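Consider the two complexes below, in which chain A is the common component and chain B and chain C are the respective partners.
So, the complex of A and B:
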């Protein structure tokens, strides 16, 4: 299982269980978010706590998630570190995403 | 003195790319490169190997991707060799350009790109990138210079 889902009232946390978010598992994330959105869940926090590596395919799946929830939804990412954080910066996606330092901060942000 | 050179091969399967990244990272941990540069160089190599599988081999399983790591005192060099479709000139240009800027995303979420960063990232993260066609194979060579002034000394050095 590469992803775990937790429901927090109307908010949904996706905790990435894999250490590496790469082309091998990116399609799974993309499908998962699409399914959540189809169920009406459009307030999503993606938790990178366990992720030590991400490539551009992984980032593409994260951006797809943001696009799937759309302008009316919320898609926050938290616990970015090392090369994961660097990839957001290099692609300027740090300017696009709402990024929080912790899951608690992310949940507070979703509740605001 | 001979520079250590390690060669290994994977099949064209995306689930095996992590092995390349982990192996490279472990090899580079023994050099003077600082951890941040090891991580970004690993990212560049993973981008190349993924592109080989997805584009040169068009996601067909069972083809060979050869990786050769050469560790010198002043640089780490990785050659990725495949026998698939020749690289398009515009992709070669993006891999090897000296003046790479990753495009700024637009204002609208619906216009955001979800792919296409790989070659530009490789150019940005490596000190040198070369592309050659050798005996029908695509050979991409990625170089990361070890700058002793900014990179850490070896962990056990005095």
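So, the complex of A and C:
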């Protein structure tokens, strides 16, 4: 399983279990978020704790997640580190996404 | 099922053949090994019951010959014999017998042994049919693969043909490296002159790689083509400044490639225009690694650019244009992330730092050889020479000032200041194309 899902009341945490969020698993993440949104779950926290590398396909999947939850949804990312954080910065995605340092902060943000 | 009974004794031949007929077999009779061999060469029979002792070719001799000569179908061979010691059995098995039946033949035993022979032969036939089907399917797959591979190779050649061939463009020398991860790359790049005074350059990296990414990269390339109707020429003609043209082009591309469809592919790019007249490069960095400016005067490599969103992600994306001054001898280097993200055997990323150092070492390398040097560098780092992502790089070297710019510069100098010995020194002026050597300010988009 590349992604672990935890329900926190109205909020959903997706923890990426793989070290690389790349073309190999990006489509799975896209499908997963689409399914959650179909179930009415539009408040999502994506936890990058275990991720050390993300490529363009990975970033594409994360952005499609943000688009999928829509205007009234929430899509927060947390625990970005190293080259993953750099890629968010390089592509100015740090201006598009709400980013928190920890999962707890992310959950608080979702609850707020 | 057909079978052949072989026996030189007419009485025994008659008895055994009648027994088999009563068991429902279509029985053929042979009174010698030679006759049996001939029959098997003509008739598609797979089951033989043969007497051991016969004048001339005996049972084991016949079996050896059959195993050698009858190919393409399985023969089930049964020896009819009065012998029962171990050595005889081994000799019979060595000759190729599948089973034995004792003489005189007991009808019940014959029924049971023939039943197992039929079972083996039927199983064999099923296997043969399945094998044939697999072989046919495999051939079809191989043919398809061959034609797909040929198509891909052709497409790869076509992609290669799209890449710029010119090495010298009005005072700018260019070189590049292109290493697709599979046949087709999601990377593409080009540079070309618009008129005499502007040089357009860009590098595109479409999300992912392979066919779907390549198709998007072809589409982008097509939009940016150097024809008079193309997006580049149109905007460079109509905009009030080079910066404005660059911004318009990038915004146009973003509008065209942003779709509501979430499976649309986005891309990162560096797009820029060199103004050969005043030695300024204006470019936008859309989600792409920053261009590297190699200053000949300071022997230093520095990242330039202000970052920005990729193209085709958000319709509302805002882009920035950065303008830097260049001097004669400087190099501008653009590359896709496949270069810095290429991993060593230990999984370590090549990284920006190593690339910067490699480019510093390249100051002493003529631009014509830079592709070779960097290619060797990446292969040495990566070990296998196989890359997970497309690697592409373009290097532009501002090797001399075009004649018209030089004249303009001289004219300006004469107009603005009284000629001095220094100002008239041509070689000095050639080096100082611009007065400043640092980066100038960013121009933000109108949004």
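Assorted remarks:
Criterion: the second predicted complex is superposed on the first by the 112 of 112 C-alpha atoms of A that agree within 3 Å, B and C clash if a C-alpha of one lies under 4 Å from a C-alpha of the other, contacts with A are read in each partner's own complex, and residues count from 1 in each chain.
In the analysis below, contacts are C-beta pairs under 8 Å (C-beta built on N, C-alpha and C of every residue); 3 or more make two chains touch, one makes a residue touch a chain.
This is a predicted model, so every value here is computed, not measured.
Applying the stated clash criterion after superposition on chain A shows that chain B and chain C collide. For chain A, the partner with contacts to more residues, out of chain B and chain C, is B. With both structures placed on the common chain, the touch criterion links A:70 to chain B but leaves chain C unconnected. Of the two partner chains placed by the overlay, chain B and chain C both lie in contact with A:92. Of the two partner chains, chain B is the only one that A:24 touches; chain C does not reach it.
In the overlay built on the shared chain, the residue A:83 is in contact with chain B and with chain C.
Note on the chain A alignment: of 6-14, 204-212, 294-302 or 402-410, the part of chain C that runs into chain B is 204-212. Where the contact sets of chain A with chain B and with chain C meet, they give residues 23, 53, 55-57, 59-60, 63-64, 67, 83, 90-93, 96. For chain A in complex with chain C, the residues that touch the partner chain are 23, 30, 53, 55-57, 59-60, 63-64, 67-68, 83, 89-93, 96. Of all residues in chain A, only 20, 22-24, 53, 55-57, 59-61, 63-64, 66-67, 70-71, 82-83, 86-87, 90-93, 95-96 touch chain B in the complex they form.
On the side of chain B, the complex with chain A involves touching residues 14-15, 17-18, 21, 36, 39-40, 42-43, 46-47, 50, 53-54, 102-105, 109-110, 112-115, 117-118, 121, 124-125. The touching residues of chain C, counted against chain A in their complex, run 205, 207-209, 262-263, 265-266, 268, 287-290, 307-310, 313-314, 337, 341, 349, 389.
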